[in-house]
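To start, the structure itself, in C-alpha cells.
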Amino acid sequence: MTLASAVRGTIAGVRATVAALHAELPRNELVVWTAGNVSARVPDADLLVIKPSGVRYEEITPDNMVVTDLDGRLVEGEHAPSSDTAAHAYVYKHMPHVGGVVHTHSTYATAWAARGEAIPCVLTMIADEFGGDIPVGPFALIGDDSIGRGIVETLSGSRSPAVLMRNHGVFTIGRDAKAAVKAAVMCEDVARTVHIARQLGTPLPIAAPDIDALYARYQNVYGQETPK
Amino acid sequence: MTLASAVRGTIAGVRATVAALHAELPRNELVVWTAGNVSARVPDADLLVIKPSGVRYEEITPDNMVVTDLDGRLVEGEHAPSSDTAAHAYVYKHMPHVGGVVHTHSTYATAWAARGEAIPCVLTMIADEFGGDIPVGPFALIGDDSIGRGIVETLSGSRSPAVLMRNHGVFTIGRDAKAAVKAAVMCEDVARTVHIARQLGTPLPIAAPDIDALYARYQNVYGQETPK
Amino acid sequence: MTLASAVRGTIAGVRATVAALHAELPRNELVVWTAGNVSARVPDADLLVIKPSGVRYEEITPDNMVVTDLDGRLVEGEHAPSSDTAAHAYVYKHMPHVGGVVHTHSTYATAWAARGEAIPCVLTMIADEFGGDIPVGPFALIGDDSIGRGIVETLSGSRSPAVLMRNHGVFTIGRDAKAAVKAAVMCEDVARTVHIARQLGTPLPIAAPDIDALYARYQNVYGQETPK
Amino acid sequence: MTLASAVRGTIAGVRATVAALHAELPRNELVVWTAGNVSARVPDADLLVIKPSGVRYEEITPDNMVVTDLDGRLVEGEHAPSSDTAAHAYVYKHMPHVGGVVHTHSTYATAWAARGEAIPCVLTMIADEFGGDIPVGPFALIGDDSIGRGIVETLSGSRSPAVLMRNHGVFTIGRDAKAAVKAAVMCEDVARTVHIARQLGTPLPIAAPDIDALYARYQNVYGQETPK
C-alpha cells in the first residue's frame, strides 16, 4: 500500500498525538506494565494509528507507533500493532463519528465489568460526561470481531462514551483521541467513587430529567473548546 | 468596568496565589482532569479570581486566571471562568468573612455525598478542623443560584468549613484560599479514614465536650500563624 | 539554658537527621498537609529535636527544627515546637531506651484506632516487626500528659513499637528516629493489608510459638546493621 | 570459590539487570521500605544474583548486589544476601527452566494470602498471564527449606507463575527476572481488581475452555519478543 504525501504529513501529526496521549494512562493510574492502549483515526484516510504490542509506556515515541487499515492490517511501522487493534479498527469502521479509542483494564471499572454490572448514574459528573449509566458489553474472546462488535452494539444504544466489557476491561470512544482518554479517566474516577459509596449503603438516585439537563449543559457549554 | 490601579496590583498577587494553590489539588489527589477549582476574594473589591474553564492543572498560570464580579460576570481574562463560578461568587456575596473557596469531587468525600450522609466526628482531626460532623448540602443543578444557596445555608449552621453537596462533590471555605485548600485536603483525608473505619465496624464516638475542647484549642493555638 | 559546645555539635547532627526523616512521611503516604512529626533524643542530654508546628514538609530544614527539654519546653529554635511535643517528651522521659518517636494519622492505622481495635498478628511481617498484635491506647485529650502516659503505659506491656491511640492516630518508637520511622511505615502497611484481608473473610491465625520464632529471628539477624 | 573470567563477565550483566529491576518494585507500589527482592540465575553457572539484606531501593546499585550459590551461600558481595535467599536458591535448584524469582508483600495479593484463598480466574488478564487461579502455598517459617519447598510444590502443579504464600506474601517466577517482575506486577493488579469486584458481589466466571484459549494465545503471540 502506497501512501500519498498529504496523508504522510497527517500521519506524522497523529503519531505525535497518540504517542503523547499514552503518557496519560500511567499518569492517571489506568494501566500497569503494557496493558492499555490509545488509537486515533487518520483524518480523510481509512487508517488508524495505535500503540505497538508489548512496548512499555516510557519507551513510546511517535516513531514506534503503528499504522494499520480499518481491518487492523499493518500499513506502516517496525513493530507489530497492539493485540487489541482488531477491536479499535472495528469501531472506526462502524462508527464514523469516532476519532479516538482507548482501552484499559483500570481497576474499579474492571471490577464492575467482572461482575457484569453497569455503573449507575448517581453523580452529577456521570450525568455530565456519560449521560446515564455506564453500560456493560458482552464477554468476548480476542482473535476475531467479537470484541469490536460488542463495543459497537453496546455503545450504539447509549449516550455513554465508555463500555465495560465483561470480565475484561474498558473501551472508550471520543470525537478525537484526547476526548477518548478523558472519558477513560472519568470512567475510572466515577467507577471508584460509586464503588466506595456503595460499600456503606445505597447512593441516592438522580432523577432522569436532571440527568438529561446536566448532560445537555455539559456537552454544549463546558470548557474553552468547541462543543464535543 | 474599569479597575483602579491599586486594585490591579492587588489582583496580580491574588492571581499568583490562586494559580499556585491549584497545584495542591492534583498533588493531594483531590481531582482528575479539570474537575476542581480554587478561588479567592480580591480584598477591598467586589471581585474574585478563579480557574478558567476546561484548562488542565499543568497549564495553569497567573495570567490565565479569570477575574469576575460577585455575580460571576467576567471582568478580566482571556478564558471563560470555571462553570462553577456562580457558586463561588454566591458564597463571597453572602459570607463576608470568607476569603477563599475550593470545589472538588474528591473520591471519598464525594462517596459520602452520593449517599447524602454526613461524616461523623469520630477522629480528633475532625474535631480540630471541622468542629463536628461534616454536613451534607442539598442536591442542586448547575446554572443558577441553587448550588451557592445550598452551600451558604448548610455552612451557616455549622462550624465546618466543608460541605458535601449531594450527588455532586465538596465545597470548602476559609479566611483565605490557602485555608480553604487545607480544609479540602483534610476533608478528603478524614472522609477516607472514617469510611475505612466503618467498613469493619462502628467507630467509637467522641464526647461533645471533648469535640468542643479540641476545636477551641486547634483554632486558637495551632501553627505559627495568627489564629484562623 | 546554656548549651555546652559538645552538645551543640551533637544537636546539629540530630537536626539534620530529623529534618531528613520527615521526607519519609509524605514519601510513604503517612501524612497530609502538616499532620505528622518525627523527633529524636539528643544523646547524652535531656533534650529532643522535633518538627516545628504548622510547617509543611517541603519547607523543613535542619535549621527550622526545634529543640526542647524533656518537659517539652523550648530550648532552641525560631518556631514553636509541634503541638505534639508534650507527648514525645513524655516518652523520652519515661522510656530511656527510646531514641526516636514518630506520630502520624496514617489512614488505615487510624481507622483501626477509630474503632479502638488492635491489629491482629496474622502476617509474618507483623510477627517480625511488632512481635504480636499492634495494641490500642486510650482516648486522650491534647494539652497535658494524657497522650504521653497513654503511649508509655500501652507500649510498656507490649513488644510492639507502635500504638494506635483511640480516635486519634499512631505513635511509634525506636532505638533511633530511623527505626521509629520504619515502624510507622510498617504499621500503616500491615494495617492496610490486614484491613483488606478482613473485608472478605477472616485471616488465618499464626500460632504463638511461630510468632515468637519470627520475632526473635528478625530482631537478631535481619539487615546489615547491628541488631535493633 | 574461584570464578572463571567468562562467568565474571556474565555476572556483571546480571548484576546490572537485577539492580535495575528492583526499581520496578517501588514504582509499581509492590513494596515498602526494604521488604521485597528480585533475583536472577547466572546462565551456565550454579549461581544467582540477589538483593543485599536491609538495603533500601534507592541505594541499590549493580555493585552492591550479592552473588550466592544455589544453596544460598555467599560467593561474592560486600553485604549479606537477602534473608529470603534460601527460598530463591531452592527454586533455581529445583526448577531448571526458571531464570528469575521475585518476592513481595504487595498489599492485595498478601491479603488473599492472609486468608489462604486463591485468586479466582475471573478476568481475561488472569487467564492470559496465569492460565487459571493463582494458587496458595503453605505457611512456612523462614530459616530452612520450608518456603522454597512450598513454592516449588505449589507452582509445579499450576500454570501460574505466582504463588500466594499463606500469611506471608507473594513469590513469582519467570524464564528471566523481567518476566518474574512482570508476573509480580500483574499478580498485584489482578489481586486488587478481583478483591474490589468481590466487595460488592460475585464476579462472573470464565468458562474453562475460554481460559485455555486465552492462555494459549497470550503465551504464544503477545508482544514483540520471542514467546515466553
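In order of appearance the chains are A, B, C and D, and numbering begins at 1 in each one.
One rule holds for everything that comes next: contacts are C-beta pairs under 8 Å (C-beta built on N, C-alpha and C of every residue); 3 or more make two chains touch, one makes a residue touch a chain.
Treat the numbers as computed from the prediction; the structure is a model and nothing was measured.
Shared residue numbers account for under half of those found at the interface formed by chain C and chain D, and the copies are therefore classed as meeting with different residues. In this entry, chain B maps onto chain C through a rotation of 90 degrees when their C-alpha atoms are superposed, rounded to the nearest 5. Centres computed as Cα averages put chain C at a distance of 32 Å from chain D. Centre-to-centre, using mean CA coordinates, chain A is 45 Å away from chain C. Among the residues of chain A, those touching two or more other chains are numbered 199. Contact residues of chain C toward chain B in the complex are 32-35, 52-55, 79-80, 83, 105, 107-108, 110-112, 114-117, 139, 141-143, 166-169, 195, 198-199.
Within the complex formed with chain B, the chain A residues making contact are 28, 122-125, 182, 185-186, 189, 192-194, 196-197, 199-204, 206, 210, 213-214, 217, 221-225.
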